[in-house]
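Note that subunit A is present in both complexes that follow, paired respectively with subunit B and with subunit C.
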Partner chain A sequence: MDIDDILRDVDPVIHTIPREKRDLQDLTRAWVAERSAPELLHWPSDGLFERINNSIRRQIEKVEEMTGDMDPKTNFALIVIQTELERFKYLVRSYLRARIAKIDRHTLHYLSSDELRSRLSEMELAYATRHQALLHNHYLSSFLSSFPPGLQNLNDTAGNISMIDTPDLESAVFIRLLRDTLVEGRGVDSDGRLEMEESDIVILRWADAKPLVQLGNAELV
Partner chain B sequence: MAHPLPPGLTQAEVAFVAEMELVTIIPRQRLESIDLLSGKTPVLRPPHRAELPLWLALLLKKQRRANIVPPPWLHPASLTEIILRETKENPEAFSPPPPPPSRAHPREPGRARRLAESDADISPPFQPSCTAAAPAGYLPYHWLEVAEALLAHAGDDMPVPAGEVRSLLRDLVEVRAAKMRSSTSQLEGFGGGLMSLRGVGAMELAESRGFVLGVVDGVRKIGASAEATRREEEEAGGGRHDDDESDDDMGI
Partner chain C sequence: MPMYGDLGNKLVQHAKRTQILPHLPPYQTELVRTVTREVRDLHRDVDSLLEPFQGSFDPAADPASACTLLVNHLSMRRNKRCLLAYHRTRTEKLEVLVWNGSDVLDLSAQQAGGANGVPGANDGGTSSLSPQEEDYVRQYGDLLAAYKGQWTDVDLTGSLEPARDLFIDVRVLKDAGEIQTEYGAINLTKNSQFYVRQGDVERLIAQGYLQKLG
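Here is the complex of A and B:
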């Protein structure tokens, strides 16, 4: 029997990372990935943001309670809690703003297919549809109604060229490998494949890096 | 625009992430455990050491409630060794990143293994690479940000005068910046699909990100038609002897 196995039998919690720390790590990783990727990534499906929003709300209530308490000992704890709260709120806000920027740039593209729509959260989906409807009405009333009826379509795909802007999926990104994996990348003159080790940083096209990131073998940096 | 910045973290954002690194402190006052969003802080009982995130350690240091223990890799001896490794032993690539925390295998002497399987997904800044238990002689991913923060706010906690550490850091920054610049000249021939930058630091990435990604994207766009022809040829069967045909296709 191994000391680790014995410990794990006695206290199964001892080797696992606490839930809050894992949430912070997931949030940071999601934020860095969203800021670095050229296209919109999936909304985290394990309820990460619901949990974080709830804890932020509870923390704000705690801060309001402690502010009323004039004890000098709680004063310092209050400063620490508020500082950390501001850091968390910055992360969440920046993440949401990065996503909204991507949705704004290519709204019709993300509303076009079901697979792409599933990447948005419910509120983002509502925002995207309403925003697009508003824009469409605005264009109609300004100039679109004076076009001939055959040319009034905003998502026209006739003539081999689509009117919908798609994000450039081949732009380069930096990734860090979390496990030893085989990395394949397409290039101009030749295609490269290399066995890479953990914590290697690689420059790669996003289309080649995407399967690695989705499997959890690499993260965007 | 909701977020007018181009893709990729800016230097300020990288510094923000670096502040989540854990460092070791020696408290000077007792402090109870505070219930934060990222878990409970450890109870502070002087003179026992504790590990806290950098932002909290800097807050305590500014209020003179704690002293920060500089990580072993920031010691002048360690920095000199790293500079030597960067210049003499390996002038092409960066020095390797620190190994992940591991422990001796109980049944196989001489072999180490990872501390726990669930740690396989931890990456900087959540790896404990700036605490007092970190290995010396390796530069962690956020080395420049953490070193600058510690020198600025906790310079009196260093084992040697801060000026000495600062000059060594300047040398190290120069050497690695030169390497970064020379690696961009490799990009001109970015024919292959990928390029490895093992051991590069966070701030160095952030500074050269715009340029490097611009070069790579530019090379890809300029070579797009050549690449398309190459792929068509490969798909059509590599055993073609008729090279003149490709010249005609590329013709005017």
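Here is the complex of A and C:
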């Protein structure tokens, strides 16, 4: 996160009304969390992206409206709005790409159970399903089709080794506490538990941090 | 006869090499075919070994055959993993090219008639993609376009660097013809320099027509 993001958090452009400001904060949060979590997080289901899409479209229209104006004052405002728009788009793009990258990495894993499937948005689900079908087809036509039938699956679990790769839930993340809570973490030699205060920042395994984040006691940074 | 798995190992080495190369090396058609054949041969061995037992094979009674079976079994699975790894590495590379907006099929076709320094081109005489890979690229391109199309206002394949400046200086490296911006048309002739809106020219920078200055 660089200084501009922080500034934008505390001092959003003047014309933003609270709802949109909250959306921007939600988006920024979701973006930060998605980028630091080792596994795919839930797609925001409260219509956040519909609202964001709408505000982006509104801003684009506004820009088009203002472009014809030759007044230097409008011109300056135009540059501010356009810059803000570009950054807004960047957030959305980066967020979506971070998700797609995770989905592409472990497609079969995220498609394997309903719980996991529910994390994807409808579009992502369609994308993931189709992508997996394409890959399977590609393998089939390249070599798999001449394999003995028993060996043509892509999800064997023979010999206790599953062919489906899963994300590493034990990798480390940083979280910031939003409430005073007890933090428990498993270590290599011994486990630790610690009474921590709000706004403390700790590093621990994602598997340990996940319940805290889901309860809203902490957020990823 | 080569050792079981030798060829699979070679495939993995190719895959490893592919990861660090800037372009996509030619598809190892022959190698893939041989490894696949090895799997089929092994499978036949297993079948003929099991045939006299009529489904009542007892590993404890015949440890030698049991061991052969196990080794064959593992070798087949190992070869399969090698093949999967090889193909996945290549498709990942192809997907990156599709995301970057380079015309992969065009690139591989161009290679026959002299490459021009575009990333992805190589010095081979024929296409470095197998026909199946060409199909895959085409289909993946469609898939990506469909997914992207649902986010019309946010160019998903745009830059992943946060925008610092709205306008940037660019130098034209190759003639790109005329482009339309909201400030009028700009004629991009080689070696000229412009101060333009980043969003308007991002694509051209990615494709190597323009160079960003400063």
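One rule holds for everything that comes next: the second predicted complex is superposed on the first by the 204 of 221 C-alpha atoms of A that agree within 3 Å, B and C clash if a C-alpha of one lies under 4 Å from a C-alpha of the other, contacts with A are read in each partner's own complex, and residues count from 1 in each chain.
The definition used in the following text is that contacts are C-beta pairs under 8 Å (C-beta built on N, C-alpha and C of every residue); 3 or more make two chains touch, one makes a residue touch a chain.
Because the structure is predicted, anything quoted here is derived from the model rather than measured.
> Classify the contacts of A:136 with the two partner chains as first (subunit B alone), second (subunit C alone), both, or neither.
Once the two structures are laid over each other on A, A:136 reaches no partner at all.
> For A:202, decide between first (touching subunit B), second (touching subunit C), both and neither.
The answer is first: A:202 touches subunit B but not subunit C.
> Touching A:42 in the superposition: subunit B (first), subunit C (second), both, neither?
After superposition on chain A, A:42 lies in contact with neither partner.
> Should A:172 be classified as contacting the first partner (subunit B), the second (subunit C), both, or neither?
First partner only.
> Applying the document's definition of touching, compare subunit B and subunit C: which contacts more of subunit A?
Touched residues of subunit A are more numerous for B.
> Once the structures are superposed on A, label A:90 by its partner contacts, choosing first (subunit B), second (subunit C), both or neither.
A:90 contacts both subunit B and subunit C.
> Quick check for you: in the superposed arrangement, does A:190 touch first (subunit B), second (subunit C), both or neither?
A:190: touches subunit B, not subunit C.
> Between subunit B (first) and subunit C (second), which does A:57 come into contact with in this model arrangement: first, second, both, or neither?
second
> Identify the overlap between the subunit B-contacting and the subunit C-contacting residues of subunit A.
In the superposed arrangement, which is not itself an observed complex, subunit A uses residues 2, 4, 56, 79, 83, 87, 90, 94, 97, 100, 104 for both subunit B and subunit C.
> Using the touch rule from the top, collect the residues of subunit A that touch subunit C in their complex.
On the subunit A side, the touching residues are 2, 4-5, 53, 56-57, 60, 64, 67, 79, 82-83, 86-87, 89-90, 92-94, 96-97, 100, 104, 123, 126-127, 130-131, 134-135, 137-139, 141-144, 146-148, 151, 154, 156, 158-159, 163.
> State the interface residues of subunit B toward subunit A in the complex, per the touch definition above.
Contacts found on subunit B: 1-5, 7-9, 13, 16-17, 19-20, 31-32, 34-39, 41, 55-56, 59, 63, 97, 100, 106-107, 115-116, 118-123, 125-126, 190-200, 202, 205, 209, 212-213, 216-217, 219-220, 223-224, 226-227, 230.
> Can you tell me which positions in subunit C touch subunit A when the two form their complex?
It is residues 32, 35-36, 39-40, 43, 74, 76-77, 80-81, 83-84, 87-88, 91, 95, 130, 132-133, 135-136, 139-140, 143, 146-147, 150-151, 153-156, 158-160, 162-163, 165-166, 182, 197-199 of subunit C that touch subunit A.
> So in the complex, the part of subunit A that touches subunit B is made up of which residues?
Contact set of subunit A toward subunit B: 2-4, 15-18, 20-21, 23-25, 28-29, 32, 35-38, 52, 55-56, 59, 62, 76-77, 79-81, 83-85, 87-88, 90, 94, 97-98, 100-101, 104, 170-174, 176, 178-179, 183-194, 196-205, 208, 216, 219, 221.
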